[in-house]
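Dumping the structure here so I can ask a few things about it.
Note that the chains take the letters A, B and C in the order they are written out, and that residue 1 is the start of every chain.
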Amino acid sequence: MEENKTIIEALIFASDNPLSADRVAEIIPDVKKDEINRLIRELMREYEERRGGLYIQEVAGGFQFRSRENLGSWINRMKGGKSLMLSPAAMETLAVVAYRQPVVKAEIDRVRGVDVSGSLRGLLEKKFVRIMGRKDVPGKPIIYGTTKKFLEVFNLKDLSELPTLRELKDLKNET
Amino acid sequence: MEENKTIIEALIFASDNPLSADRVAEIIPDVKKDEINRLIRELMREYEERRGGLYIQEVAGGFQFRSRENLGSWINRMKGGKSLMLSPAAMETLAVVAYRQPVVKAEIDRVRGVDVSGSLRGLLEKKFVRIMGRKDVPGKPIIYGTTKKFLEVFNLKDLSELPTLRELKDLKNET
Amino acid sequence: MGYEIKLDIFEGPLDLLLYLIRKNEIDIYNIPIALITEQYLAHLDMMRSLNLDLAGEYLVLASTLLHIKSKMLLPVEEDEHDEDEPDPRDELVRQLLEYQQFKEAALKLETRPLLNRDVFKRGFIAETGADYDDQEMAVELNVFDLVEAFHKIISTVEKGDSLEIDVEKMSLTEKMNDIMERLTEKGDLTFAELLGVSGSKMMLLYTFLAILELMRQRMIRVYQGCSFGVIRVCLAVEA
């Protein structure tokens, strides 16, 4: 493939936003605008003719690689399986449960300083946190703890493998 | 193009991390593992022969679209300068973790002859290094190892692809 | 010449020592310890005079060098100098070679085609139909983030709260979780069943402590049918 075309292809591919021909011209100033436009059209046509899983789309004043629309359900299937991500809020709630368990919700609320109902529910759904029982005190509050899945996902043999705050602080001592 | 191949191509493209053949098999269960592997190899070869701006790299236990190495300078130009690299101290710490894992901090300190707290923490934050558990010796020190991200960034299929350490006896000749 | 420029780029005392050995073109297996010690100390002085932060490790190695030097100066009787007598430099040489091995490995790693420096993956894409959620905000799961999250929270919480955690406490917690799980499953268990085949004395102790703690927290109840009867343990509140 012609070198300028490979450069343009790589630029479109790696760009975080749709890449305009003007921007390409700024990056490779030796190549004329017309020529850049021609090469982009050529690339688009190639991907079109190839009929593979991706193509170049003109969008928002620029060009961008995309996966074919009719394959969206497969991609959703891939992304859906990846529930192994947590929002920072969920991570904090999980941290309090992990280190302070067995723990009641009021205590998690207190430590985090917010109502954790939402993130706690999410963690229960993801099966990182479970209901361990109830306390025999007024109101019979629910007690929460972590699950086996939690250990699995975080790659821990048991809870004693969780790093302690002391160990975290030791790492902070910059040399 | 054959439909399964377009699906696989789109999946590899859309995945945020290197996509393993096993994961593809989970997503499209009707296609046999052997067939998936064959199609991936075919795609890799096509991009190889095309000699365009991108190709599929086998890395970190999976497959990933990447821009060609010789085009890196153009992309850096677009992105505004070379991004991060690790400091020499961090690189040394990373090398010890990579080759000696699972390894405790005291051992890294010993090999490097300095307290590695700072660089170790940085590597944990950058997700090149992870906590693997605790060593079953008095004091139960934390053991460290490298992450998938380490493999991905350093372009390694797996740890066995790490360049072999030079034998100690060969080292003396050059000092 | 060029010392000053080099001073702050040593990655530690071993690195400085390797530099001196290379600069003097010395055989690493036969280091002239007096010469190297002198140059090493001179470098430390220079670093001090430039107010560079001298990590303690530099001084430790200085004293090691001085110690080896003094040992080398001890008169050795001819017939005493046999093969069994280890060279006082051996340990240092081994350490230097090992360090050099990793220093080289680090340099080699850096010459690989690195992601985001030499090769790039695709930029962000917004696909049609794909539910991206707050994925950009989301963090990958690892233990380090978990302990950091906890640290962040408790450093804002009032002091005096006994939030310190240690390995023992978490081992106990592990046991408590285990007991609660078994009780939820089985309804009730005898004391003996709970202590059961706990294995080591240590595990037995943890199990016992866990039972006490769960009682204190009113999560389980322990009762005895009659004196000398079987001690039974059950959940404080029916599941």
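FYI, a contact is a pair of C-beta atoms (placed from the backbone, for glycine too) under 8 Å apart; a residue touches a chain by one contact, two chains touch by 3 or more.
As the structure is a prediction and not an experimental result, all values here were calculated from the model.
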Contacting subunit A as well as subunit C are chains B
Of all chains, the one whose CA centroid lies most distant from that of subunit B is C
Averaging each chain's Cα atoms, the one nearest the global Cα mean turns out to be B
Subunit A and subunit C have mean C-alpha positions lying a whole-number Å distance apart equal to 28
Taking each chain's centre as the mean of its CA atoms, subunit A sits from subunit B at a distance in Å of 18
Rounded to the nearest Å, the gap between Cα centres of subunit B and subunit C is 22
Subunit A touches at least 2 other chains through residues 10, 13-15, 65, 67, 75, 79, 155-156, 160-161, 163, 167, 175
Among all residues of subunit C, those touching at least two other chains are 55, 120-122, 125, 127, 130, 140, 142-144, 167
Within their complex, subunit C touches subunit A through residues 55, 120-125, 127-131, 134-135, 137-154, 156-157, 163-168, 170-171, 173-174, 176-177, 180-181, 183-184, 214, 217-219, 221, 235-237, 239
The answer for subunit B against subunit C in the complex is residues 13-14, 57, 64-69, 72, 75-76, 82-86, 88-89, 91-92, 94-96, 98-99, 111-115, 124-125, 127, 130-131, 134, 140, 147, 152-156, 162-163, 165-166, 168, 171-172, 175
Seen from subunit A, its contact residues with subunit B in the complex are 1, 5-11, 13-15, 19, 23, 27-28, 50-54, 65, 67-68, 71, 74-75, 77-79, 81, 155-157, 160-161, 163, 167, 170-175
The residues of subunit C that touch subunit B in their complex are 9, 11-15, 18, 21-22, 26-29, 55, 57, 61, 95, 97-110, 112-122, 125, 127, 130, 140, 142-144, 167
